[in-house]
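Got a structure here, written out as structure tokens. Questions coming.
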């Protein structure tokens, strides 16, 4: 888990926004959309001050900020839209767990977007949403494409998005993130299936490490998804004018999807622990296999060697040694011993 | 688990119905029944538009649709009966978990029908029910026979079904599905009992795979059944004019059956984990068995071989070698050693 | 678990009573008691119709039916006392879990009586109670003696039973059943203690099977007892004129006993899983023991045999062979090796 | 667990007091204290009837009964103070779990006192408290000293006890019992620490038995303490004139102590299961150790013995045998083999 | 866990403050701060009586006491500020779990500060807060620096602290403690990561002890943090004039941090149990490795030794012994046996 160091914040007064994460030098990108059923406006802002006039503009306004390492910009937006200092602090402190906080004038929603990095590890990115009366402000750690579908729907007036308010827009953004989880789940599914096959065919010592890596990743996934359930549930139950009735049905839908994601995560956990069982049992089976080979060899040859030992003794008076057929008789006796042993092992099903 | 790919939906606006599942080319079959205590009408529709006049017809109307791959038909029915777009979407997206959603004018209920496919794997099929004031619409993925008993009861006026309303019909359909679970449970019971016997008699390496397969199947079953409990409980508690009082007793009955199914599923889980224990313990018992054989053989013959080694040495001055009875004496000593060993093993209960 | 086949019911309308269980040809026995503080009447009925006059008779009436395989009789009683069809169905379908259902005019209570069958397996029998305003009807699968103490108390006017109403009678019957559980618990206690002793002294491979059998039995017990807790709790909380205040104290008492039974069951579960641990550990201890013997023997004799091997070689020029005391010197060297080995093993605490 | 046989009660009407426990012949000891802020009276009663005048005496009266095997005495007290028959039954039936029962006129509280018996096993004794408006009656199985501190405080007017009512006295008695648990906990702590040390230094086969014994004892402790939490919580929440407001703070305090006891018990459970892990792992480590010794010995000497075997063969034409330095060369070769082996084992870190 | 002995308190009346912990001879240090938006006063008191005038002084007063072994001083403060005797008792009895108690006039909050001692073990220190209408009193076991940041903020008027009331000050102190937990968590993270690496590279027998030590430490951490969640939640929900609305947002923030700490603790627990799995599996892998070496050696040489045994026999009539090329033929046969063995092991992937 890429747990970011938090101790650098120790001692600062609460409400002090400190960016936690890998410092980035990219420019912060601010885009604004304003629309109602008839009108539509989209533009990229050069200065953060330009978003001020949208505060009380009619229609729904969506301000999207890609990049939160520039704490100054986030603070300014906070000031323009009367955000509580704690909200500003939480936006840039990307260690939050998914949550919703009701600040009367607006809802502050924190979500986690998940994707695979170049090393095929699961990493998360914090997405913060501010849902106001007629606006939504979204903050992402870096430029992403998960909201592109929503943008496209607004531009092309597909679906109901333009006829409904800011709450529906917030829902649409949350839905886009949850939809994205399904892609992650399918990736996991493939990994697990691949591992399951390998486990049966060619378990190596490395397999255990892979299983545990997968287990940790599923744990990481779970940590991002579990609180989401509560977040959406409390959005539904919240008695606020911010959420209108038609949107409630849609929230219930995204809640359902969350439950599906959680269920699948739980199923993954079960699969993985099943794989652990199979792995451990296959290791102990292998020990068994090795033991069997040793035992068969030893059990067959030790008695034979004993017989040769007897006739290797140097006693003066050993009548068998002088028999004409002593040697072949001994060889035949040995052959009989071997056959009896093999019959015994067959009966024990050791072959 | 036949988890169907969901990512093909990514980016579409919510409420867009997309059929997820194996494309089927069969014709969709729509049948209608309309009845009250005196009248009864049953027919198969050629065009979906023919169901429109049944919307406000007196008596109870049951429309059954077999096949939901033709999304257009489902959408039309949705339009005729004022279904919410999300309902239509969920009907054709067969990835839902069992749930109930209250859309004021109607209840939308999703259930999972379970059956064994030709490979003896458990598969599920989604059944969606729309319970309106005087109608029930049921959607199945393909033609099935689980509702035949209900049809028969309506046709022959058996039981109370004709004297009660649409809510009782919905109950009857749910009851038919839950009843079907008991057949699945009995199949599982047979599998588990068979496995238990094999486990004691002839455990093979394959047994572990079978146990884990069974475990996964029970997990799959559980996933279909657990949410059902909540579904029916919330149907009972829902304060809606759609559910009349006499039906409540029946809902409580089907709730009871669900609990029974869940209890049995839990018992299966316990049995399976018990089998795992026994399997693992039998493997380690086998290692023990093999160790014993090795140890007995080695412990008996190694000292004997040592004795032969002594008298195989070529020292010039070894008085025993020239004794008249040296050889038989040594043989007797060896016999004594063997007897002592066997007594020791007997005492240790190794035979 | 003697899970009775339920599929024979599939497709029948709800409320159709079908007897599930081993068909019995014994005659059904119906006995009636009617009493108040002054009067007392007891008789065995020949025909089920004879119980009709007791419906509205003053005082408390207790009708006990031994044998429910004659579905017709149960249905008639259902009709006489206005029982819901679902109640009648549940009485004869002995697959119910313990439950209470409030049908306004009466409470329907299902309990499980437990006893050991001739093979020393735990089996259950379903007891159904109908608690009406002034009557109690009890249904048993076969003639039993668990209610004899209650009968005796009524006959002899012992305790408060005659001065209180039908609710107290229902309580007394439930109490008799719960009291009976304690006998079962004591039997289990003896089994567990016996097993524990055997486990330490002479664990055999069979022991594991016995432990798992016991575990399943305790699971079976738990399944019968757990729901009982809820049943009695909801009886207490139910706001119904059927239960009078003085009886509430007694219900609390039987609730207490149920908790005691559950606690003991949980303690059994812990004991059994502890025994599993000890068994598994004793198996691996045994492997250890065997390994030690093998290692001691091999470690002592393999080096010795090597020494004999050296002096068994046929080199022409081996000065030791011609020494006068070569043989005794080698024997002494071997003895020293043995002593060193034994000292080493002593230090390692292998003896 | 010293589970006392309960079946001797089967069939008796509820409310019949039957003493369960080891019959004792000691005399029952009844002591009475009556006090208010100014007055104080203490005496030992010869006859149970002497406590009657205290029923309505002003001030707080505390009647303590040591010994409940004389059921008649308990019944008389029950009659004098209008106790419900079920209360009397529960006082002498020492199988109760800790509980509180509200009988309107009085609260009936059952607690478990714990102490170590002479065999160092944990045993419990039932203490029952009756909290009336102005009196407390306490029943103990035998004379104990746990309440002596409370007595002393009353006699010497230490603390607030004399200025507060009967509810405070009941609290003080409960507090004395909970305080006593801490002594038990410290004993356990010592046992666990001792065991932990022994586990690391000299684990024997017996250790497992000791761990499981400790586990059972902790389970026993837990069973006595867990319900206590609920008991005190419901005392706090109970809306009754029996409990006055100032006492509530004190009840919260004893509740806190109970939680502390429970927490410590849970910590013990974790420690013990950790010890089990370490024990099992140390056993398998030992097997490893033994295996290593065997493998090292066998791996070194088996090849050497093979070499001696070669030159022990009796072929006529074996040139090496006649070499002048054949014997020392073979010895040197053997030495090299041994050195190579040792290097290999060192590399594998087997030494 | 440094569980302090509590039994020394047995028998004392409740409300008797007894210092539990290591007796310290350091002087108790009392500092006072009084501030409002305009004024600021800070001084160290020589005598406890000097804090009396601050009781009703306008503005917010913060009294901090470092050292609670001087019970007399704590008692005096208790008297000055009308604290309940139980509060005073709990302040000096450092065995409390984190809790909040509402005493109407003030809230009593107990927290645990965690730090690593010189032996790198986690130890806790009890911090008690009294939140009154216009004052906060904090008690620490010894002088610490965790509150220095808060002091600094007051002195320098940074943040909102001076414009808000005593409740915000209490929040700030709690926040300082929770912030401190993150430092502990990061230490643990480093330990766990280090251990994980060592586990894969060089697991030793000691590793298990370290894992278990870490597990206990995490358990200790959890015990300090879990109750905190409840403490803050009930502070939020408490309907009291002591907490003003603006502070509620901040309490929610510290609640959030607590959840983060708990989540991380849970993740640690999972990591540790995963490490246990890997450790155990690596031990059994090692056994496997050892077994393989033994088996390979034994399997190769035992048959060879047998062959040498045959030609070491002393039969008079063994034709092979007199063959001209008998010896080299036998050597070639042995070489073939070795090659076959190696091929077999290669196929089995033992190398």
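Think of it as A, B, C, D and E in the order they're written, each chain with its own count starting at 1.
The definition used in the following text is that a residue touches a chain if its C-beta (ideal position, glycine included) is under 8 Å from a C-beta of that chain, and two chains touch if they have at least 3 such contacts.
Because the structure is a prediction, the values reported are computed rather than measured.
Common neighbours of subunit C and subunit E (chains touching each): D.
Minimum number of contact steps separating subunit B from subunit E: 2. As a whole-number value, the distance joining the C-alpha centres of subunit C and subunit D reads 26 Å. Subunit A and subunit C, compared by their mean Cα positions, are separated by 43 Å. The set of subunit C residues that touch two or more partner chains comprises 284, 287, 291, 294, 298, 302, 305, 309, 312-314, 318. Interface residues of subunit A facing subunit E in the complex, by the touch rule stated above, are 1, 3, 5-7, 9-16, 84, 86, 90, 95-97, 99, 101, 103, 205, 208-209, 212, 215-216, 219, 223, 276, 279-280, 283-284, 286-287, 289-291, 293-294, 297-298, 301-302, 304-305, 308-309, 311-314, 318, 320-327, 330. The part of subunit B that touches subunit C in the complex is made up of residues 148-149, 152-153, 158-161, 172, 175-176, 179-180, 182-183, 186, 189, 200, 249-250, 252-254, 256, 259-260, 263-264, 267, 270-271, 274, 277-278, 281, 284-285, 287-288, 291-292, 294-295, 298-299, 302-303, 305-306, 309-310, 312-318, 348, 350.
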